[in-house]
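Here is the structure we will look at.
Labels run A, B, C and D following the written order; every chain starts at residue 1.
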Amino acid sequence: MVRIGIIGAAGLSGRELLYLLERHEEASVELLTSNKFQGKKVNEVFPELTGYSQVFQPNDIDATGCDLVFLAIPNQASLERVPNLLEQGVRVIDLSGAFRLRDKEVFSKFYKLSHSAPELLEEAVFGLPEYFKSEITTARLVANPGCYATGALLGLLPLGELLGKLDRPPIIDAKSGVSGAGGRVEDDVTNFVSVNENFKAYKVFSHQHQPEIQQYLQDLSPYSSDVMGEIILTPHLLPLSRGILSTIYLHFREPVTSSDIMERFSIFAESQEFVHFLEKGDLPDLRMTVYSNRCMIGAETDQSGQNCVIVSSIDNLVKGASGQAIQNMNLMFGLDEKQGLL
Amino acid sequence: MVRIGIIGAAGLSGRELLYLLERHEEASVELLTSNKFQGKKVNEVFPELTGYSQVFQPNDIDATGCDLVFLAIPNQASLERVPNLLEQGVRVIDLSGAFRLRDKEVFSKFYKLSHSAPELLEEAVFGLPEYFKSEITTARLVANPGCYATGALLGLLPLGELLGKLDRPPIIDAKSGVSGAGGRVEDDVTNFVSVNENFKAYKVFSHQHQPEIQQYLQDLSPYSSDVMGEIILTPHLLPLSRGILSTIYLHFREPVTSSDIMERFSIFAESQEFVHFLEKGDLPDLRMTVYSNRCMIGAETDQSGQNCVIVSSIDNLVKGASGQAIQNMNLMFGLDEKQGLL
Amino acid sequence: MVRIGIIGAAGLSGRELLYLLERHEEASVELLTSNKFQGKKVNEVFPELTGYSQVFQPNDIDATGCDLVFLAIPNQASLERVPNLLEQGVRVIDLSGAFRLRDKEVFSKFYKLSHSAPELLEEAVFGLPEYFKSEITTARLVANPGCYATGALLGLLPLGELLGKLDRPPIIDAKSGVSGAGGRVEDDVTNFVSVNENFKAYKVFSHQHQPEIQQYLQDLSPYSSDVMGEIILTPHLLPLSRGILSTIYLHFREPVTSSDIMERFSIFAESQEFVHFLEKGDLPDLRMTVYSNRCMIGAETDQSGQNCVIVSSIDNLVKGASGQAIQNMNLMFGLDEKQGLL
Amino acid sequence: MVRIGIIGAAGLSGRELLYLLERHEEASVELLTSNKFQGKKVNEVFPELTGYSQVFQPNDIDATGCDLVFLAIPNQASLERVPNLLEQGVRVIDLSGAFRLRDKEVFSKFYKLSHSAPELLEEAVFGLPEYFKSEITTARLVANPGCYATGALLGLLPLGELLGKLDRPPIIDAKSGVSGAGGRVEDDVTNFVSVNENFKAYKVFSHQHQPEIQQYLQDLSPYSSDVMGEIILTPHLLPLSRGILSTIYLHFREPVTSSDIMERFSIFAESQEFVHFLEKGDLPDLRMTVYSNRCMIGAETDQSGQNCVIVSSIDNLVKGASGQAIQNMNLMFGLDEKQGLL
């Protein structure tokens, strides 16, 4: 049994981890913390988590007895905690954005924070198991991907060589449920009356997942931002609880057949546990992935063959956060990648 | 033109007042305040209020230039402000619960506040125009009814003498949209992820509108709580923005014909601008009253004639708060009761 | 492995069965039917059901190879199919209302159908495992309870002897999500624009689950409708997909202490896998049970000790339909009651 | 008083017309039809339309007594009815898509219908008052714009000459509430359980409003599809009742300053009653326009000055359908453009 600690277990991602780990047969939650609820029993604060009779500990509690700690706390708090945990020999999966970007200047620009542990940026492994499986297996520190980044990268990367034929940057028009909008409870932004029957764009040209997508798109494909420009990401806030649907616009400099595209996705999906491709030109909706660790993808091309729309769907709290974190844990400890995720 | 001041104009009730007064032809908003947004222009903070280019003032600003002030601030703040405004000769419509209950002990018990202006409790007029029209006309201080109280009282009082035939207290199972739940923005209670796809009861046996309904039911009908017991009110929180539907259970000690009930409601509704009764045993839904100052009512009896279910529907922000406040203003200043409310 | 057939597998209950059975380790779906989609592959019509590559068969297909057939078809269709299946030696769990009521006259009155197989009414076992466990074990025909009946009975029956102290019939004010409202897709009633931001009561004094609750309340408790009157059930339609919250009003002829009530529920819940009681006077919301086979219950009494409000929460598609059906299957075939339901 | 007929008054657009015309001081509804509800009184079928005690007539009733007829019926039905009405000297505002496209081949391709009245295509005036005011004044037949076309064209056309600097076609990622999705009640597509907590793209590269936007963008601006390609429109279905938010992606071949863009929109908005521009780089949400005839627009440019995102917000049933139709009526009959629309 992997001995797990969860720092920040009362937030949305933390509770999703608890919910999923209740069904995991080879991991046990030894430690869970929440500053807000410290001293209270989990299943009294959250009665739906019937299996947890433990008491919330404070966030700064010693975690040396754990094999693995999940950090589900804000960026600044992760920055401070990670070096200490690694020194103590505890492996870490960080759900914040603190260790995803390689360039600390870009980090500062998008996160409005200076990076206090840049020496770990090279070591941190990006926890997208579809592309970094072997690195994750041996990692001390996994930077769990952002929710928008997961949806966008899984909708783009399987195209492989075809991404070298783009003549314009991909436009990612992404729509997220409220649990993915990062709003803290106190924010007016996520108040029911503000969100219900409403819809809006936010952080246009400035969302922190844009450089994350940019970085891994360049690392893992022939796409070059120097030649084709920076990808464009526009997040929107949907009046629903869970899910991210990304509508991705591609333009190729020469016609690409629909079957070229289909085939690449299909081959990729076949080798992956959690990626599904809708073959016949169908497009996924959010319903198909909610409460699952799946990413579902569909594609459509126009008559010219130069325009292509790709739609990817994930549950932002599962494949976009806690489910993917558990998938990473499974890989780190030699377990079945699907354990606890079906 | 009635010169209006609104203290607390940026909250949900305050904004609803602004929205409605924009269409009012005989009142002009001279003063509007918000501590949170003071110094900012209304239509910059709330772009949908296109007609207001004024600047929010602080809540404690002098209001002597106004003919009427609406108070859309918390109970404690109303308690403190009202005596001062009346002394200055300004008439007041208070949307809080500070002056609705006659008994200051009951007030303390339900509001967890001691009453600092009990000398005004006798003078304050309960702003339910269907029952206190003439008193409102000359009132200095109108206590605008609570949203649950409005829905319940308009579903009960038209029965008149029939209420003397009850042998059990009415049970009011009430369901409110989030804007009526009194939650401040900071509350977890009204966060989207908490409310969406959820439903729950709250303040069972302890909601502050229970004594308000109790008091006016006894004042205005033969119902006696000494004999029949205290009415029961159970508020619930609906995952929608606006509206209160109250399902009211009555039991008569002898059979009452369906037409007895229908007739009383129909006669009452005919004499009222904003009360509609669905004759043929139809029951109203929330859709029928949302964004209007209407109260819609329907009734159904069982075969025995002893059980009756009444359903009333209002928009909690309009007939349950700001619309009713404007209706009261119209009466206080000799205007057409419907002005600005169609 | 139990060999399963599902007649009517494309409706909401049928799909929920498929979803749950995908995770069941001792049952395999051998046959699934849908007249609407016959000839199509399940996972092409419903891509989220990734594990089913079978083809939908017509509803009238022979099912003799199955150990158990779930019927998730309308009442009339169940009436016609059940006798035939039993003759062929196939055990049946019927999710319709066709075999729940013992009295065929009452059935006719509430279902507007004449009962074509009254000889089976005595044999059919009511599939509420908390009360009929041993009968279910050996049953040929299980009548799976109605969703409102499940929520109401589990909120009432644990009170046991205390129900003999009621002096008025229980009032059950029940609120259901749209998937439980029985609306067929073609109905205007369940159209998004009709339901969204709306709320209403329906079938007041006439819902077909009223006699079902009545019958089992009398069978299983000292409650007597002759003395105290018929229970009152008012269903309402919530603007959300899943869940039933029942607010139940009780009045005792003498004071009952809060701890009397708590204790009975707690003792009952301890002996049951899927019933949880919130001890400290907390009340459940829908969130706590959605997507689970749990029923969560809370209770609150007033100062007099004579009034009590009980709130029960279930997911209408799981404990209120397909989850309970699988719980029944587990008992019928000697499996762990929880198999496939965690 | 303009004497109005509404053919198809019971659908969503028809009811919105009724709702708006109830407040119109210079038009009276003389005739209203619905095949489904013929013979029933309007306010019995739709109790919220309290002001209408007329009876629904059949759709094919003679309308010669009317000055103006609104057609709120399907495309094929409009095609058949319009020539006849014009012959009888009745002016027509057609809310369907039957007379919006000039080219009958394009019409056939996108609407899957052959055009039976091509002789009227030249005469029909596109009812976008911001661009065709004088033509509308004298028109016999106004083709009321599609909802997506209204949102997109008002977000694009004010840029004027700047549209000649685009080097790629605009991409319009549009999101509509369910009332705009054109789904008939019978469609599974608009069933609550299908739409709620869901989101999806539909009719990618094939929506019938694409050629409508294309045609008027070319007519009214220097944009040339021959040079830059066809605009791309991707409609999505939002889980809410009303509103269309369009996120429009532009790429200029040379940098354009943010103030260039702001200025053009601001100047345009100043001369229009129903178009508002959010100056300081703010972007509109749906809340700002719901239940109003407003279009609200915002724009954001990136650092390079070559990428621009424009967001426009309308209520699809008001500015996107019935409100715009009344605006057109006001112009056709020399009334104040704003009459009945505030």
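For this structure, a couple of remarks:
Note that in this section contacts are C-beta pairs under 8 Å (C-beta built on N, C-alpha and C of every residue); 3 or more make two chains touch, one makes a residue touch a chain.
Everything numeric in this text was worked out from a predicted model, so none of it was measured.
Averaging C-alpha coordinates per chain and comparing to chain A, the farthest chain turns out to be B.
For the interfaces A-B and A-D, the C-beta contact count is higher for A-D.
The geometric centre of chain A is 46 Å away from that of chain B, both derived from CA atoms. Chain A and chain C have centres, each the mean of its CA atoms, that are 38 Å apart. Rounded to a whole number, the gap between the C-alpha centres of chain A and chain D is 38 angstrom. Chain contacts: chain D has residues 194, 196-197, 239-241, 284, 287 touching two or more partner chains.
Per the touch definition, chain C reaches chain A in the complex via residues 23, 47-48, 50, 197, 276, 278, 282, 284, 287-289, 291-292, 294, 296, 342.
Chain D meets chain A in the complex at residues 168, 171, 173, 175, 194, 196-202, 204-205, 232, 234, 236, 238-243, 245, 247, 249, 251, 283-287, 290, 300-303, 307, 309, 311. Contact residues of chain D toward chain C in the complex are 12, 178-179, 185-186, 188, 190-197, 239-241.
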